[in-house]
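In the two complexes below, chain A is the common chain; its partner is chain B in one and chain C in the other.
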Partner chain A sequence: MKRYFSRKLAIYLVTFFLAVTVDWLIPRFMPGNPVQGIIARAGLKAESAKLIYSQYMRAFGFDVPLWKQYINFWSALFHGDFGTSLWLFPQPVLKIILRAVPYDIFLLLPAILLSWFAGNKFGAFAARSKRLDNTILPLGYILTAMPYMWLGILLAWAFGIVFRIFPFSGAYSYSLMPHLSWAFILSLLKHWFLPFASLFMVMFGGWAIGMRNMIIYELESDYAHYLEALGAPRRLIRRYAFRNAILPQITGLALQLGVIVAGALVTEIVFAYPGVGYLILQAIQNHDFFLLQGCFLFIIIGVLIANFAIDVVYVLVDPRTRAGMEGRQ
Partner chain B sequence: MWRSKSKVAICILLATLVVSGLAAVLVQGQSFERSETLYTGGKQWGPVSNWNPLMTGNYATGTLGLCYETLFLYDPLTDEFMPWLAESGKWVSSTQYEIKMRPGLTWSDGEALTAADVVFTFTLGKTAALNFSSLWDWLDSVTQVGDYVDFVFKEPLYQEWANYLYTVPILPEHIWASRTPIEVATGANDKPIGSGAYLYYGYDQTKMVWVRNDNWWAIKALGYSVAPKYIVDLVNTSNENSLGLVLQGSEDLNNNYLPGISNLIQGGYGLVTYYPGPPYHLPANTAWLDINLQKKPLDDLAFRKALACAIDVNDIVTRDYGNMVEAANATGLLPVWDKYVDQAVVDKLGLSYNPEQAKKFLADAGYKDTNGDGFVEAPDGAKIALKIIVPNGWSDWMAAIQIISNGAQAVGIDLEPSYPDFNGYLDARLNGTFDLAIDNQSQISNSPWSYYHFVFYDKLADIPSTQGGNYGRYNNQQAFDLVTQLDKVPVDDLAGMKAICSKLQTIQLTDLPIIPLWYNGAWAQMSSRYWTNWPSSAEGGDHYFPVTWNGYWNMTSILMLVNLEPAQ
Partner chain C sequence: MVAKQSKKKNEFLYFALRNNKLRIGMTVVLLFVVLAIIGPWLTDFVPRQYATAGPNAPSSEFWFGTTSFGEDVFTQFVYGLQATFIVGLLGGGLGTLIGILVGFIAGYRGGLLDEILNMMTNIVLVVPSLVVLLIIAAYLEVRGLVFESVFIGCFAWPWAARAIRAQTFSLRSREFVDLARLSGVKPLRIVFTEIAPNMMSYLLLVFILQFGGAILTAATLDFIGLGPTKGISLGLMMHNAILWGALILGMWWWFVPPGLAITAIVGALYITNVGLDEVFNPKLREM
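This part shows the complex of A and B:
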């Protein structure tokens, strides 16, 4: 077991190194100099601008050769320094991201978990039931094939503009400052509902279809037929099938949780929801190397942790993996 | 069993995370009484990130104007300087300017604001890299003499100096003195302490909130008091969203370009603009065509003249802008600088839309369609294919360059519109790799010098770092010298200024380094649902700029707040 985990760990470290390197490289391929963008927005007097330009170049470390910038980046990273945002200068990137992360968790965690739970339940229930298979399932296919963004726009239009039930922009009313009161919590929930619903619906469709197909596959397997031949009750067979069918779904769930900090990029853009996805878009538009780097770093770490968690969970929930690892037949 | 246990676990996990998610965004705050709150929008293109009035690019809306103040206000509409923190100021000799400070000024923490703070602020430009640092190239010393501050110049640049009088924020020495030059120039300056009409209240991802300063010096000194208790400046999300907020009356003042406002004004939404009819908005800057003179055939004057005659600016004004802008004067000078326009020069040299004339310019200079593709080739037979660029997403400009391209194509010039992202557009202009571009970087100010300094910026090699203008790389030492000379003309010597401006106009209209197109507006949509008495062009109305952008509060927008009245 030790060998298994140490090998996994080594793979993760190499992946981390490569992913972070790519993460550092990509923004630097964008055309244009971000400091020039800052100067352009500042509307400076030309005579003073030269001085200020070199000050910013120094402040962001752009005045040294690229290879040195890369080394400086790693050394800063190990000191927990993600750099300073260009777009929201002089705010530290870490502070900006940490401010956004709660909104992502608040939005995505319930959406992922609830849709996973309900989707699996429903998928298992619908499998092999003619009527549900013919009615609700196509709906699931439509839902899961639907781009989040499009569904989001539809919901915003229907509930925000036509029926005016839910607001469709921001995380809470702009007439409030965050504070602990029912008015604020209510506003928060109202603004949360539409983005949540659009995510939930799309994800629900995906999980339900996956589960339904898996159950049908399991019900066709030898052990199911054998149980059936023995005269076991239908419920029992289905329970066994469910336990086997849930395994790939757990992998899927873990992967979803891995990208939790940025998994709702388009939804957040449609609803102007201030999470990390929204930051990524702004970082790209404003050539904010450091913010973009920081956001992706969060995603890289999230995905790697999730993958590692899958490895661990599999050992726990699937006896076959455990047996294989210990070399038993 | 695994299932029911997991159910419980998931429920608990969910509940804790929702609660912790809630708790994480809950800090202190409250909501704002609508009738006491002015909602603004249009300046902030991202969450608030700093309150440093020296970082002219991205300080929070109102940092300079509501919180920090300047020695004077400048009114572009009357071309007058209004004493603000200074009680008066004058040139006591040709090289010495003297300011008398207003008595009884205080910072919002109760400390006195004195001449020492002014000396301290200007001296900061020596040590830190600030927007007024270059002042020290020609300023010799700043000294306090009691309530007076004396500025002694090596070589006074009167026009520029007048600009500093209403753009340099006066800072409290007792707070800023301990900061390093880097902190001064680039620090966030959390919880700013200023002297202005508003105090820092708070901010979050979507807004900046200021609260009225009931101890503001101008209440006693000038009898001014600002009406709104809170100013909540909302971060822009999209133009559609802004339009929705203004129509609902949720946003009282919006400074985004909102197309179609001309129709909505009549739509019963309670919306007003500065002018009740076209052009609806006050002009803020001139949009002109940058021409890259380093490229063929743009280096040929005849070709540029043909181009100028091929552009139908009126079509842009009516179809693209719905008459929300006005066609620019041939000189490109803003209407507030009308007095500097030498009409005789314009009449003699100015070009206007005339496709036949454009074709004639081309034919006379030897541009002919030799390969029969409908577009002219250069006299030496080289193919001509030009691109005109504006930033992607700037919809009004994107439509404008389509009209320009069509006009050029109609006279036989192969010109295609292109829309790189903002940084790509900026890069092309700064590095001189573009053919043609729309530009409006030079803004309204106290002196046409700032405009000419931009059009005829002389440090061509420094353009990528200074962004000083002249992106077409026009090189004419005579024009550069005239601009320098203009800077040295005292601000009260109108005849002197006019004489130099006239010479510059002759050069500009003869050589066509740029082609002025139209005046971009100081876009301002105001809702009279909660607040009335907005600035307006009407007789007896308040002729102020209703604009929250950086630099406009000290060009009379602060006075708008003094005169606003609650609707009920």
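This part shows the complex of A and C:
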């Protein structure tokens, strides 16, 4: 069990190291100089442009040798310094991102967990039932095939514009200031609902199909047939099948995280929901590369933490790995 | 031997033609392929051409209406379909190819090479690929469709490699592979003549899933506005629609067709996949 965790941790550490390195490499070795770009957009005279250029190069630490830049990058990172935003100058990138992160957690955590539970329950329920299989299965495939942003756009259009039930832009009413009151909380929830629903539905389809297939597979296995031959009630067999089928679904959750994050980014863009996804759009549109790099690192860190959490859950859920941990087996 | 081979093929064809999921899935995909190919002849415009004044709802003249800038949506749609299939083919193809190579090598060779490749696979698997694509694309002033496909393929292979490795691993210890090894056949030949043919059906399924995945990734990237800088795509159409307020103006004809096409194509691919699985796997047939 120690081996399991140390291997996993090693992979996450190497991934983090590589991600930071890529984050450092890309702006320095891509064609085009971001600083040059900033100055070109400012439209200065040649004389002052030169002055500003060297000023910027020094400010961002581009004037020292590359290896030193690399070390500086790491040390800044460990001091929580992600650089300064160009778009919201002179706010530090870290501050801007930390302001957005609560919205992401508030949106993603319920969407992921609820869709996973509901999808699994429902998929297990639909398996081996002809009528449900024929209606739910196509629906599930259509849902998982949907691009996240398109379902978001459809929901925003239907419920925000045509029926006017839910607001479809921002995280709370523009007429309110963030403060602790029922009116504000209600506004938050109302704005949260549509992005949540679109994320939930796309994910739900995927989990339901996965679970249905797993249950069918489990019901065909030897232990299920054996139980059946013993005359065990159907419900009992299905419960055993569910418990076995849930393990690959936990692994599946870890594998899907990248896709889910991508889906959340575009969903936030559709609903102008002020999470990291929306921030990325702003960063791209305003050519704020420091903010973009910061968002990149933050997402990587978030995904790595989530992966580790899933590993821990897997150990807790799977009795076989636990038995190994306690020295039995 | 030859007769047996053809009989086996006929058997697959027999089940393939009678599998409803396969029939429905393939029909939908082929319909869109045909539309993408003949589309340009059905329209008098090119994607970014000014066709008529202002936004127009769908009519007999403009089948899918026009955008706020008076561009014909149907024209953009068919050209976008072409881009979608190109990305699917190139990106999905490359993803499958890398997955096959890594899977075969890791599964057949084993040992240290397997450990290294496994580590690589796990790392690329953990990283949210779209975010990496995003940061790379953001720094490029000019981006092409082929470039986008190649990058998508470069980050899509890990799960395929993992699955193919596991399959290769189990096939490696079968008697017929041992026999080939004993008779001195070179490892590369064993992989391609003994192991690969036994996985052909599986590899086809992998390719179909990679194809669909590449389409979805490309649509996401295009929607953020980091797709190809030239030309049109279905994701870019949705990007433009949101950017220019199609939602508030109620111009549903601008954002419904591109998303609908992607959903239909990818959904049909998934259903084709299930159908093919039933054709190849006798255990799943006739349900």
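In the analysis below, the second predicted complex is superposed on the first by the 256 of 329 C-alpha atoms of A that agree within 3 Å, B and C clash if a C-alpha of one lies under 4 Å from a C-alpha of the other, contacts with A are read in each partner's own complex, and residues count from 1 in each chain.
In this text, a contact is a pair of C-beta atoms (placed from the backbone, for glycine too) under 8 Å apart; a residue touches a chain by one contact, two chains touch by 3 or more.
Since this is a predicted model, take the numbers as computed values, not measurements.
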{"item": "Partner chain(s) touched by A:S85 [first = chain B, second = chain C, both, neither]", "value": "first"}
{"item": "Chain B versus chain C as contact partner of A:I250, first or second or both or neither", "value": "neither"}
{"item": "A:L77 touches, of chain B and chain C: first, second, both or neither?", "value": "neither"}
{"item": "Partner chain(s) touched by A:A46 [first = chain B, second = chain C, both, neither]", "value": "first"}
{"item": "Which of chain B and chain C A:L188 touches, first, second, both or neither", "value": "first"}
{"item": "Chain B versus chain C as contact partner of A:L113, first or second or both or neither", "value": "first"}
{"item": "Which superposed partner A:V270 touches (first chain B, second chain C, both, neither)", "value": "second"}
{"item": "First (chain B), second (chain C), both or neither touched by A:M146", "value": "second"}
{"item": "Residues of chain A contacting chain B in one complex and chain C in the other", "value": "30-32, 34, 285"}
{"item": "Chain A-touching residues of chain B, taken from the complex the two chains share", "value": "2, 7, 10, 13-14, 17-18, 20-22, 24-32, 34, 37, 39, 46-47, 49-50, 55-58, 129-134, 137, 182, 185-188, 202, 204-207, 209, 232, 234, 237-238, 241, 250, 420-424, 426-427, 430, 441, 443, 453, 457, 459, 462, 464-469, 550-551"}
{"item": "Chain A residues within the chain C interface of the complex", "value": "11-12, 14-15, 18-19, 22-23, 26-27, 30-32, 34, 138, 141-142, 144-151, 153-154, 156-157, 160-162, 168, 220, 255, 257-259, 261-263, 265-266, 269-270, 280-281, 283-285, 289, 292-293, 296, 299-300, 303-304, 307"}
{"item": "Chain A partner contacts - residues on chain C that touch it in the complex", "value": "119, 122-123, 125-132, 134-136, 138-141, 159, 212, 216-217, 219-220, 223-226, 235, 238, 241-242, 247-248, 250, 252, 255-256, 258-260, 262-267, 269-271, 274, 283"}
{"item": "For the chain A and chain B complex, residues of the former touching the latter", "value": "30-34, 36-56, 59, 85, 87-91, 96, 99-100, 102-103, 105-106, 109-110, 113-114, 117, 169-171, 173-180, 183-185, 188, 243, 272, 274, 282, 285-287, 317"}
